[in-house]
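Both complexes below contain chain A, partnered by chain B and then by chain C.
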Partner chain A sequence: MHHLIPLLVAVPLLGAGLLVAGGRRLPRPAAETVACAVSGGTAALALVLLLNSSPPMVEWVGGWRPVDGFSVGIVVLGDGPGLGMAALASLLTLAALVYSWHYFDEPPRRHAGSFPALMLLFQAGMCGFAIAGDLFNAFVYFELMSVVAYALTGYRIDEPRAVQGALTFAVVNSLGAYALLMGIGLLYGRTGELAMTRIGRALDAHGAPDALVLAAFVLVLTGLLVKSAAVPFHFWLPDAHAVAPTPVCMLLSGVMVELGVYGVWRVYGTVFAGPGGVPAPDAQRALLVLGALTAAVGAVMCWYQRHIKRLLAYSTVAHTGLFLVGIGVLKPEADDGTALYVLGHAGVKAALFALAGILLDRYGSLDEHVLHGRARALKGVAAMFALAALGLAGLPPFGTALGKAVTEEAVGGPFTALYVAVSAVTAGAVLRVAARVFLGLGPKPRESAAYETTGSGERPETRQRLTRVPDTMTAVPAVLLAAAVAAGAAPGFAGVVADAVNTAGSGGVRVAVHWTRAGVLLGLLSALLATGLAALAVTRPALLSAPDRALPLRRLQSGHVGDYVAWLLVGAAVLGALALPGVLGG
Partner chain B sequence: MNRRMRLCLVALGGAGLAALFTAAFLRLPAFGGDRHPYGDRAVRAALHRHTANTIASVNFDLRAFDTLGETSILFASVLGCVVLLRQARDEHRARPEPADVAPPVRRYALLVLPVAVLTGLYVVAHGQLSPGGGFQGGVVTATALHLLYLGADYHALERVRPLGAYEAGDALAVSAYVVTGLAAVLAGTAFLANTLLPYGTFNTLSSGGTVPLLNAAVGMEVACAVVVLLARFLDQAVEIEEDSGK
Partner chain C sequence: MDVLPYLVAGWVFLAGCYGLATSRNLIHAVGCLSVCQAGTYVLLLAVGYRDGGTAPVFSDLKPGTRPVVDPVVQALALTDVVVGATVTALLLALVVQVAKRHGTVDPDELGELRG
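Entry: the complex of A and B
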C-alpha cells in the first residue's frame, strides 16, 4: 500500500502531460472529462490511503530505505494530516473542475487542455507538498504549486488587474520561496540532512540553539507564512484572490493558503520542537503575535470591502490568523480543533467563492453596492450564501463550529474572545452582502467620491452573461456546504481527525474531541453577533461604515509591489525579534 | 506609502535580516572541511549502481522524485507562458519583415549551428558519465537552434521549429519520466526505483539502469521547453502588435 503514496503526485502530473500533448486534438468536453476523471481518481486514491493510514505509513521513493539509520533518498509521509490535506486538495480540485465545466469564455486557441492541465499540475503540487517528509522535496512541490498558481491567477490576460494581481503574487511568493530555500540551506549546512525528522534529531544532537538555528527558523517560517498570508506578509492575497478566476479562488482560499499553515505545523513539530530547536515559548510568542495580528487586520479589512471577492479574500486572511493562533499555542487539543476548522472552512469558503462567481457571471459585477437588490431572483443561491455565511461564523453543526469550539477551549482567555469576534465580524460582512444583494434590504448605499476597489468593472468569466445558472455551478457549492456540515455533524469523524493529528504530532498525546455545551453556546453567540452586525450595517449604514477610522490600515494595501516587499523584510525581521529571547538565553 | 517611508521599512527590515544572516553564517561549518555526510553516502550509492557521474545519480536515482518536481515546474512554467502570452483581444499578428544580416554573422552562425546542436546532444547523452546531463544539454540544444534567428531570419527559425510538435514533445517527455517511475510501482517496488534495468558496465553509455532514460527524458523536456518559451517571447517581440486604434 505504501508504494502508492507518491502516485498522489504522479497521477495528476501524468494527466496534465497527456492533456497538453493531446490538447490540440482533443475537443473541449473530452479534455474536461479527462481532467475530472484524473483528479477524481487521485482524490479516491488519497481517501483509500487515508483509510489505511493508521498506523502511519512511510515510503522511501526509489526504494532508498535507510541503512543504519541513514538514507540517501527522499521520504514521503502517509500519515493522517499529510494524506488528509492531499485528499482535501484533490477533492477541492475536482469541485473546481466540475464548477468550471464549459465555463471560460475562450480557452487559448488550440489549447483546450491547458486550463484543466494547469489545474491538475496545481493539484500535483499541493499533494506533493502535503505528503513531503523531506524539507527540500517540500520546497520543490511548494514551488510547483506557486508557479501554477501565478499562471492561473493571471489567466484572464485581458484584465489589467488580473495581470497586476498575478505579478504581485509572483514577486512576493517567490521572495518567500527564496527565504525558505536559504533556510533549508542553513539547516543542511549544519546537519547534512534533508529529511525533516533527521534534521530535527541532528539539531538536538548539536546542542542548544544558536543564531544559525534562529536564522533557519525565521527563513523557513517566512516562506511558509508568506504562503499562508500572515500579517505583514499578506498583502499579495487580496490582490490575487480578487482577480483570479473563480474556480482558482476556490482552491487558493480553500486549501493552498491553509497548506502554508500545515507546513508551519509540520516543520515546527518535526524540525524545531526538540531541545536543539527553537524553545516552545519563543515559537509560541512568534506564532501567537503574528496570528492574532493577522486575524484582527483580516477581520477589520474584510468589514470595509464592497468588492465581494476581496471581502472573501480578507476573511481568508482573518481565518488563517485564527489557524495560526490555533497551532501557535502548541497544545494537542488546539491542533485537533484547527484541523477540523481548516476542513470546515475549506468547504464553506470554496462554496462562498463559487456563489460569488455566479453573481459575477450573471450580473457582470462584484460590487455590493451596485448589486443592491438585483439578485432577488436567485432564491437558492441566496439561501446557500446565507447558510455559508453562518457556517463561517461557526454556527453548529458546521465543521467550522466544532473546530472553532475545540480550539477556543484549548487556547482560552483573550484568544477565545478573539475567535468569537473575528468569526462574527467576517461572517457579519458576508451576511451584510447577502442581505443587500439578495434581499435588497436597507437603503441603497450612497456613492462616495473616495477611490476604492468597487468590483463594478469586472467582466464575467463566461462567454456571455448567464441567463440561467448551470446546474454544475449550483450543485458544487451545495455539495461543499453539505460536506462542511458533515465534517461537524458526522458522528465519530472528529474523533478520527483528532486521532490522526495526534498520532502524527503532539508527541503522541491523545485527546478526545467532541461537542461541548460551552462550545455550542460560543458558536451560537458568534452566529448571533454576526447577524446583529449585519442587521445594524444594513439598517444604519452610516453607523458602522465610517471608513475614516480604518483608512490608515486600508492605505497600506497600496497595490505597489515595492511596499509589499518592504513589509516582507520587516516581517522577517520581526519574526526574528520575537523568537530571539530563547536563543539568547540558551 | 511614499518612497521615503518605503525605504525606511526596507532599511529597518534589511538591517534586522542582515544582522541575523551575519550571526548565522559565522556559525556555519568552515569551508573545505572533511565532513561530508551526504556526499560520502551518495558516492557510495552511485558506485553501487554503476553510475560514473555522482551528480547524475543524485538527480536521477537517489533524489529522482525532486527532479520530477523540478521538471514539472519547468513544464508548468512553459504551460503558464503559453496561456499568459496568448494573443489578447486587443492585439493582432503582423508578419515580420526579414532583416539584413551581416555576412560574417550569417556565416559564423550557420557554421556553428550544427556543432552547437551536436554538443548539446552529446552533453545530454553523456549525462550519466561526465558533467552535464539533461538540464544543461537541453538548454544548449535549444539555444543552438536559435542561431538560425541570428544568422538567417525569423522565417527560417519558424521552419525548423513547428511549435505544436515541441509543445507535445515537452508534455510527452514529462509523461515519459512519470511512466518510468510508474513502471517500478507496477513491478511491485517503490516509485522511481532504479531496479528494473541491468546496471551495465561502469563508465559506459548504457550504465546506471534507468538513469540514462530519465536523463534523456529531462533532456528532451528541457530542449522542447526552452524552444517553446523563447518562441513565445519572440512572438511577443516580433509578431504580436497592440491595436493602434485604441
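Entry: the complex of A and C
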C-alpha cells in the first residue's frame, strides 16, 4: 500500500501536464471533466490510504532506503495528519473545480486547459507538502504550491488589484521560503540529514541546543509562519485573498494557510521537540504569543472591513491564530481539537467564499455598503451564508464547534476567553454582512473617506453577470456546509481524527475526544455573542464601527510590499527573542 | 570551522532584504529577492565544502582517493536555482502587468489595497 503514496503528487502533476499539452484542442467541458476526474481520483486515493494509515506508513521513493544509517533518498510519510491534509486539499480542489464548472470566465480563451491545469498543480503542491517526510522536499513543494498560488491569484491579469495582490503575495512568500531554506541548510550542516525524524535524532545526539539550533528554528519557523499568515507575517494574506478568483480563495483560505500551521506542528514535533532542539517552554512561548496576537489582530481587522472577501480573509488570519495557540500549548488534546477545528473551518470558510463569489457574479460588487439590501432575492444563499457564519462562531454541531470546544478545554484560562471572543467577533462581522446584504436591515452605512479598501469596482468572474445562480455554485457550498456539520456530528469521526493525530505525534498519548456540556455551552455562547454583535452593529452602526478607533492598526496594512518585508524581519527577530531564553539557559 | 562563508551568506541575505524594504522600483525589488536567494546558495555551498575537496564527479576519479565536496547540497542548490528562475520569471511577468495596469512600477504609488 505504501508504494502508492507518491501517486498523490504524481497523478495531479500528470493530469496538469496533459491539460497543458492538450488544452488547445480540448473543448472546455472535456478539460474540466478531466480535471475533476483527476482531482477526484487523487482525493479517493488519499482517502483509501488514510483508511489504511494505521500504523503509519513510510515510503522511500524509488527504493533509495538508508544504508548503514545514512540516507540520500526522498522519504514520504503516510500517517494520519499528512494523508488527512492531502485528502482535505484534494477534496477542496475538487469542490473548487466543480464550483468554477462552466461559469468561471478565463482570460486565455483559446486554451481551455490552463485554469484547471493550474488548479491541479496547486493540488499536487499541497499534497506533496502534506506528505513530505524530509525538509528539502517540504521546501520544494512549499515553493511549488506558492508559485502556483501566485499565478492563480494574479490569474485575471487585466485587473490592477489582482496583479498588485499577487505580486505582494509572491515577494513576501518567496522571501519566507528562502528563510526556510536557510534554516534547512543550517540543519543539514549540523546533522548531515534531511529526513525530519533523522534530523531530530541527530540533534538530540549532538547535545544541548546552541545558537545554530536557535537560528535554524527561527528561520524554518519564519518560512512556515509566513505561509500560515501569523502576525506580523500576515500582511500578504488579505491583499491576496481579496483579489484572487473565488475558487482559488476557497483553496487559499480553506487549506493552504492551514498547511503552514500543519508544517509548524510537524517540524516542531519531529525536529525540534527533543532534548537537542528548542525546549518546550520556549517554543510554547513563541507560538502562544504570536498565535494570540494573530487572533486578536485578525479579529479586529475583520470587524472593520467592508470588502466581503477581505473580511473573510481577516477571519482566516484570526482563526489561524487560534490554530497556532492550539498547537502551541503542546498538549495532545489541543492537537486533536485543532485538527478537527481545521477540518470544520475548511468547510465553513470555503463555503463562505463560494457564497461571496455568487454575490460578486450576480451583483458585480463585493462591497457591504453598496450591496446593502440588494440580495433580498437570494433566499437560499442568504440562509447558507448565515448558517456558515454561525458555523464560524462554533455553533454545535458544526465540526468547528467540536474542535473549538476540545481545544478550549485543553488550553484553559485566558486562552479559552480568547477563543470565544475571536470566534464571536469574526462570526459577528460575517453575520453583520448577511443582515445588511441579504435582509437590508439597519440604515445604509454612510460613506466616509476612511483608510480602507472598498469592494466596489470588482468585476464578476463569469462572462456576464448572472441572472440566475447556477446549481453547481449553490450545491458546492451546501455540500461543504454539510461536511462541516458532519465533521462534528458524525459519531466516531472525532475519535478517528484524534487517534490519527495522536499516533503521528504527541508521543503516542491517546486521548478521547467528545462533546462535553461545557464545550456545547461555550459554542452556544460564541454563537449568541456573534448574533448580538451583529445585531448591535446593524442597528447602531456608530457604536461599534467608529472608523477611527482601529486606524493605527489599519494604517499598518499599507499595501506597500517594502513595509511587509520589513515586518517579516521584525517578526523573525521577535521569534528569536521569544525562543532565546531556553537556549541561553541550556 | 571557517565562519566567513556563513557570514557572507547572512550578509547577502540581509542586503537583499534591505533592498526589498527600501525599493522604489518593482524590477529592482525582484532583483533584490534574487539577491536574497543568492544568500541561500552561498550558505548551501558553504555547508557542503570540504578542505581540499574537488567536484564529486567520479568519471576520472577513484572513489576514496581524495576528498570531494558534499554532492547533496549541490543537488539542493541546483534545485534552488530552478525554483528561483521560476519565481523570478513569474514575478517579472507580474511586474509587467502592474506597469500596464497601474502605469507605474513604484510601490509607493500602488495604494489600492490597504486598510
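We take it that the second predicted complex is superposed on the first by the 580 of 586 C-alpha atoms of A that agree within 3 Å, B and C clash if a C-alpha of one lies under 4 Å from a C-alpha of the other, contacts with A are read in each partner's own complex, and residues count from 1 in each chain.
Rule of thumb we're sticking to: a contact is a pair of C-beta atoms (placed from the backbone, for glycine too) under 8 Å apart; a residue touches a chain by one contact, two chains touch by 3 or more.
Nothing here was measured: the structure is a model prediction, and the numbers come from that model.
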Which of chain B and chain C A:L214 touches, first, second, both or neither: first
Contacts of A:A242 with chain B and chain C, given as first, second, both or neither: second
A:L118 touches, of chain B and chain C: first, second, both or neither? first
Chain B versus chain C as contact partner of A:L522, first or second or both or neither: neither
Touched partner set for A:V171, first chain B, second chain C, both or neither: second
Contacts of A:A388 with chain B and chain C, given as first, second, both or neither: neither
First (chain B), second (chain C), both or neither touched by A:Y155: first
Touching partner for A:E59 - first (chain B), second (chain C), both, neither: first
A:E143 touches, of chain B and chain C: first, second, both or neither? both
Common interface residues of chain A - those touching chain B in one complex and chain C in the other: 72, 136, 140, 143, 147, 150-151, 154, 157-158, 163, 166, 186, 189, 194, 558, 560, 562-563, 565-566, 568-569
Residues of chain C defined as touching chain A within the complex: 9, 13, 17, 20-23, 26, 29-30, 33, 36-37, 39-40, 43-44, 46-47, 72-73, 76, 79-80, 83, 86-87, 90-91, 94-95, 97-98, 101-102, 107-108, 110-115
Chain A residues touching chain B - in the complex, by the definition given at the top: 3-4, 6-7, 9-10, 13-14, 16-21, 24, 59-64, 70, 72-74, 76, 108-111, 114-115, 117-118, 121, 124-125, 128, 136-137, 140-141, 143-144, 147-148, 150-152, 154-155, 157-158, 163, 166, 186, 189-190, 192-194, 210-212, 214-216, 218, 555-556, 558, 560, 562-563, 565-574, 576-577
For the chain B and chain A complex, residues of the former touching the latter: 1, 6, 9-10, 12-17, 20-21, 23-24, 26-29, 35-38, 41-42, 45, 58, 61-66, 68-70, 72-73, 75-77, 79-84, 86-90, 164, 167-168, 170-172, 174-175, 178-179, 181-182, 184-185, 188-195
Chain C partner contacts - residues on chain A that touch it in the complex: 72, 136, 140, 143, 147, 150-151, 154, 157-161, 163-168, 170-171, 174-175, 177-178, 181-182, 185-186, 188-189, 194, 238-239, 242-243, 304-305, 450-453, 554, 557-563, 565-566, 568-569
